[in-house]
Amino acid sequence: MLEIKKLNAYYGKSHILWDVDLKAEQNMITALVGRNGMGKTTTLKCIMGLISNKTGEIVFKGEPIEKRPPYEIAKLGVGYVPDDLGIFPTLTVEENILIASYLSKREGVWDLESVYMLFPKLKQLRNSRGGHLSGGEKKMLSIGRALAANPDLILIDEPTEGLAPLIVQTLAESLKRIKEGGITILLTDQNINFVKSVSDFVYIIEEGRIKHRGTVEEIKQSPEIILKYLTV
Amino acid sequence: MKKFNRRSFVKAGLAGSAAVLFGGLTGKKSEAKTLKNPIKIAHQAVLSGNFATYGKFHEMGARLAVEEINANGGILGSKIEYTMKDATLKPAVAVRNARYFVEEWGADMIMGIDSSGQALAVGKIMPQLNKPLIVTHAATSQLNENLVFKEGIKQIFRVSVPTYQDGISAAFVASKLPIKRWATISPSYTFGRVSWKAFKETLKKLRPDVEFVSESWAHFGTVDFSSHISKVMSSNAEGFFTTEWAGELISLINQGQKFGLFKKFKEVLLSLGGAMDVVEALGKNYPEGVWISCRYWYEYPPTNVNGSFVERFYKRWKRYPHYVSETSYSAIYAYKAAVEKAKSVKTEDVIKALEGLTFVTPAGRRWIRKEDHQAVYEVPWGRVAHTDKPPYVTLKNSIMVWPAEVYYPHPPFKENDYPPYYNNK
Amino acid sequence: MIETLIFQGLTGLSQGMFLWLISSGLTLVFGILGVLNFAQGSFYMLGAFVGYSVLKFTGNFWLATLFAPVIVGIFAFFLERFLLKPAYKLDESYQLLLTFGFALVLENLAKLIWGSGYIASPRVPGLNGFVMLFNRPFPTYYIFIIAMGFLTVAVLWYFLKFTWPGRILRAASTNQEMAAALGVNVSMLYSLVFGLGAILSALGGILATPITVTSSGVGDTIIIKAFLVIVIGGLGSLKGAFVASLIVGLIESYGVIFMPFFEMAMIYIIVIFILLFKPSGLFPENV
Amino acid sequence: MNSKEPILKVDKLFKSFGDLKAVNGVNLEIYEGGIVSIIGPNGAGKSTLVNILTGFLFPDSGHIYFYGERIERKSIQYRVRKGLNRSFQINSLFNGMTVKENILLGLLYWELPLGRLLTNRLPKALEEKVLEIIESVNMTDKMNIEVDKLSHGEQRLIEITLSIVKPPKLLFLDEPTSGLSPDERNMIMDKIRSIAETGTTVVLIEHNMDVVFSLAKRIVVLNRGSVIADGEPSSIRGNEEVKKIYLGEDLTVA
Amino acid sequence: MKAVFDPFESFEKFLVIVIILGYFVAGFFAHKFLSFILIKAMVLSIFAMGYSILFARTGYLSFGHAAFFAVSAYSAGLFVLHIKNSMLLALVVALLFTLVVSAIIGFLSLLRSKIYFAMLTLAFGMGIYTIIWEWESLTGGDDGLIGINRSSLFGSISLVPINHYYFFALVLLILTAISIYFIVYSPLGLILNGIKENETRMRYAGFSPKIYSFLAFVISGLFAGVAGYIDVFLENSASPVMAHWSESALPIFAVLLGGIESFSGPMVGALLLTLLITFLQTVSSEWKLWYGLIFIVVILGLRGGIVGFVKSKLKGRGGEQ
């Protein structure tokens, strides 16, 4: 679905990503794991076309997209849930969702109703302004909005950040259902338990370099890797 | 009212026959020895911004004069070289232009200038430049009273009327109208204030029973007069007077029509309503029956000189002459007359020749007063009526004129010494 | 006295509406592009001139009112594409200076094209009369202007609130990166918003022709007032622009009665107070 | 930990952005000497806390005492003059100016008598001091290069140097090693050690655990705007709660 | 390119000295109009050099500096007309008034920053314009003040002839250039530049940036005052348009044209701009169109101005060697 080769990215003089290679296979949840400040967000932004100062190849559905502007990448079928969630504060919940389907013009199973079915809480809040939601509600909305565009691939940055354990659990369930619905997911997180519970394939990133890759089973069987890269 | 019309026409006819000097059509052949070739005349007026149309009209009048004179052999055999520059409305630009004309370009005479501030600023440096300056528009009375008469800056002349015309002659008209209560919307700067004061004081002398019940002051650059109109219309005035001019007057008239201003007031006096920019812009929409004047009106005087000027002007530019076109045209002819009289282009000789000069122009006989270098001539008032051909406005059947001498203040100018010198009885 | 106050109020409202048409364009452009557009006054002037040409061609004021703003909008669209885009990487004060340059050029281009004269005011079929209020005539055209002002408010409100392009505009004004990630062509959006801003100003220009005079310098005069309006209202707030336009219109109108020589100064005094005590304006809010 | 009075005391500090409680009742005491590290996952409120402590933001409520003086409403420069300084995570230098000018600007307030504000030639002592500082970071050959043309690591070095040209009593370093190569990181770590040795108390906000554990004598763990653990590195390493927040809350689904 | 340790400092100094020498030599040969235009260029140079302290060094765009120009011109004019015909005392009085007015306006405007600052200076400046326009009894309203004549200096040196006045203006220009030189290439200049580059960092370096921005504002206001003073005695008149915001565009354009980053830029820009406007006005009645087009080109294409362009060429050549 998505393949990244030798991606290098820069913020000004700061070299953030070093030769990152990464694949997100169809109908799988791929996780990019690492502590914060290691380049996870930058990787997603590069895919989305939001960082122009980069080199390397990014191929989505066989098509090189590294030179394309974000809106074209979005229309090709990439959804994005940024770590700040990017909720439009002056739009209502419903508008936040519908704006995505309006803009993408892509057909699929996801529409307002199916998003509400996935996150019933949003239905109750449908007429509230985006700015008035709590952190967890915003997270649901941001994911729901990305889905409403019916993407083939969805990029989710730090889905568990700031969420209470119970909500993390629900979220894990939701992501699995999204995957079952036929959408490929690439997410970043530092919550290894969550990653273990939802993902199929794991990349560990540190200091802008991919340090380890493997299926979730392999990761589960090598706790030393986890301790080395993820904990204090 | 009719009596006045007749009298004015008689006077006008006399003026026409009293032509002493008018070189343009005489086509006198040049003398063998030329004075200076070419004689350089430099002109400046506002060519940019909201008042750019004034500069264009200035230029048309001057160019016509230059073309005619050159086609007829020039001034004593010397051709005229003419140049024109944008003076904007900034005094500093006018001063720079004047310096450029004289010190760099080598002008023998400079002319033009629209705003009072510019005229005064340029006037003040004329002793340094020492060339004749003929002002063709700026109307401040300070120019002739203070700069020329009191300070003795002899290089300054003015062929256009000073503000007296706008306030005082309007009061003459008003004194004949059967109404008592007056209101104004006036420009909120010196010109507007001086004119309204002159109007009030003159009218009060002529008609002690009048009252001035409402005044509203509009800033320079006002585009929307509706609140001013609304204000004066809430008074019980019967007559309305204004010295608003150019684009602002057009706005005022347009909006006034919408508000019914011309219905509410029995009589309306527009001192500069006869300016061709306003007449062109309004055309048939010009409200009928209002009194208008300006510093020259294309139908007055009904002389051959004027008639042929209007014809030639129209033929050349496809437009009717604006008052600044006439004053620019006449300024050049005045200069020509002076040079021919003095047989010299030396500043002192030309000044001497211009002082006291009487010459016939499209606007009638002009006489340049020796003391203050102000050209004295008559300007008509009349009621707007429509015609079928451009410019669609005529005053023919209602023209009123007073002898200029009776309402021009005389040297020595004393503070608040407004006319009438004219004995009404 | 009451009637005078009401009349002054109505004329003040109509003056405010012209300010609103300019300042709404300024606000939209500032809210999305972050550019304080000096040339907004030039679009107002172009609206009047282009409207005049369309009127001459078609003889119909309403066609002119319809087409002139669109033509000016298209022109502005390309102006943004070719000359403003390169300036986005510059400091905001340079963008302001650049649009100042646009204004200089447009004013003088207009003079070349339409000449330096005053353009005659068209008669508007059906709106030349007046209605009687307290036994005094009040022109229908002014009522029309006030109505048009409220109509544009309603249309803009509806557009922003209930149409997708409007919602996208609101979304992009708060988070352009996210809008781009959802499929908004931000570069195109910029051009379109610049064009839309020009359309609003040009509408003001053509609507003003029946009551004022049009000359190439007219944009200059009105843009400064519009700047002051959006400072009072709050940069980027349409609600603020509307309320402030009406406030300024009313102050000028009542100022003519109550403080004849200081109504101009009043605006500055208000601006100074706003900036010192409520620097983000009356309604600090996004589009 | 220390019987002495703390040099910095933070008392029930709160700060919200909208409904996000970025700093949620932080209590903290920093004692003189050594390196303290503040760690925590993304969004734990570390940056906001530093911004409040150094005057970049004002808190909603709570008090900050620096040597016993309440400073939570004081300006940045007031705190700096009292001896509290910081470095920035994203380099915040005087771009477009040379290394020398950057260092000089850092020194001017402290070293230049007001009367010499308009001197065309700098006082000798000041000039020497600038050169000395530049030499101490091995940049003598680059001192006339504009800082935005330097490598990221060099810029970071100047970033930190700028905050210590006048050695503060308490220094906050915000992610000093982020975006650096291993070599550059070692260089910065040496720099931090040497800063601490000269008597400046250093508070280190850092992601890189190697850096944290090799430098800090005390670690404060922040999560969701509150302090959840505070102690020596060994006790933090063994702290279950810390492990949980870094690896994820204990999930039944796991 | 920047303050204190500018490798091009000597080039900049050289350029300024060459221009001043040029003015000096021209003073002996220029006939009347040219000397008038050159004094105009000096006036704009002084205005722009002062303005560059605020705009180019400290990074604040003001649309209100024409007001200080006008305050100085009017106070000098009113002083010689009504109180004492002494040009030296008039200078002192004019600068005193300018100081007070620019201190008040500077203090108020600097309470806000960036785009709001530009707006505030516009509003305050236009407030002064309105006062001059409306206070007719004092200022002569729209007619302005006229008859502000030059007299002599120290009772013996007559400034009435324009070539004498030329050298008087030149002395003021040189004094301005020296002052600006000392400001730009001094710790103060570095501090101001620091505020432009990174105001927050300046706070972390211990400074109170507002105090220095205020200083820059008042300094630039004072030099606008010097320029207004020279101008009023050159024109022999003062008019309200001097205070209009559009007049504030002149020093901005001069600074941009010459080169915003350079010390000599304002002087180069002012001279070129004055000659350019004079030339355009002579060849075309649509001069403002050309003026506007050049303005756009400078902002979009010539960011370092003319001096910056020359320097980058010189630098490029140095790099190849």
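Note that the chains are named A, B, C, D and E in the order they appear, and that numbering of residues resets to 1 at the start of each chain.
To be clear about the criterion, a contact is a pair of C-beta atoms (placed from the backbone, for glycine too) under 8 Å apart; a residue touches a chain by one contact, two chains touch by 3 or more.
Note that the coordinates shown come from a computational prediction; the quantities given were computed from them, not determined experimentally.
Undergrad: How many steps does it take, at the fewest, to get from chain B to chain D if each step moves to a chain that touches the one before?
TA: 2
Undergrad: So which chains are sitting against chain D and chain E at once?
TA: Both-contact set = empty.
Undergrad: Of all chains present, which has the mean Cα position farthest from that of chain D?
TA: That would be chain B.
Undergrad: Looking at contacts between chains, which pair has the highest count of C-beta pairs?
TA: Pair with the most C-beta pairs in contact: B-C.
Undergrad: Determine the chain that sits nearest the middle of the structure, using the mean of its CA atoms as its centre.
TA: C
Undergrad: Taking each chain's centre as the mean of its C-alpha atoms, give the chain farthest from chain E.
TA: It is A whose centre lies farthest from that of chain E.
Undergrad: Taking the mean of the CA coordinates per chain, how far is chain C from chain E in Å?
TA: 33
Undergrad: Distance-wise, how many Å sit between the C-alpha centres of chain A and chain B, to the nearest whole number?
TA: Distance between chain centres: 78 Å.
Undergrad: Just the number, please: Cα centre separation of chain B and chain E in whole Å.
TA: Taking the average C-alpha coordinate of chain B and of chain E, the gap between them is 39 Å.
Undergrad: Touching two or more other chains, which residues of chain B qualify?
TA: Correct list: 47-48, 188.
Undergrad: Two or more other chains touching the same residue: where does that happen in chain A?
TA: None at all.
Undergrad: Provide the list of chain E residues touching at least two other chains, using ranges where the numbers run on.
TA: Answer for chain E, listing residues that touch two or more other chains: 134, 288.
Undergrad: Quick one: which chain pairs are touching?
TA: A-C, A-D, B-C, B-E, C-E, D-E
Undergrad: Under the touch definition given earlier, write down the residues of chain B that touch chain C in their complex.
TA: Residues 47-53, 55-56, 188, 215-217, 219, 221, 223-224, 226-231, 233-234, 246-248, 250-251, 254-255, 258-260, 263-264, 277-278, 280-283, 285.
Undergrad: Considering only the defined contacts, which chain D positions touch chain E in the complex?
TA: For chain D paired with chain E, touching residues are 54-56, 75-77, 80-81, 85-86, 92-98, 100-101, 104-106, 108-110, 112, 116-120, 122, 144, 146, 162-163, 166.
Undergrad: Where on chain A does chain C make contact in their complex?
TA: 48-50, 69-71, 74-75, 80, 82, 86, 88-91, 95, 99-100, 102-104, 145, 149
Undergrad: Contact residues on chain E for chain C in the complex?
TA: Touching chain C from chain E are residues 61, 108, 111-112, 114-116, 118-120, 122-124, 126-127, 130-131, 134, 245-246, 249, 252, 256, 286, 288-289, 291-293, 295-296, 299-300, 303.
Undergrad: Okay, in this complex, where on chain A does chain D touch?
TA: That would be residues 11-16, 35-38, 83, 131-132, 134-135, 158, 160-162, 165, 168-169, 172, 189-197, 207-208, 226, 230-232 of chain A.
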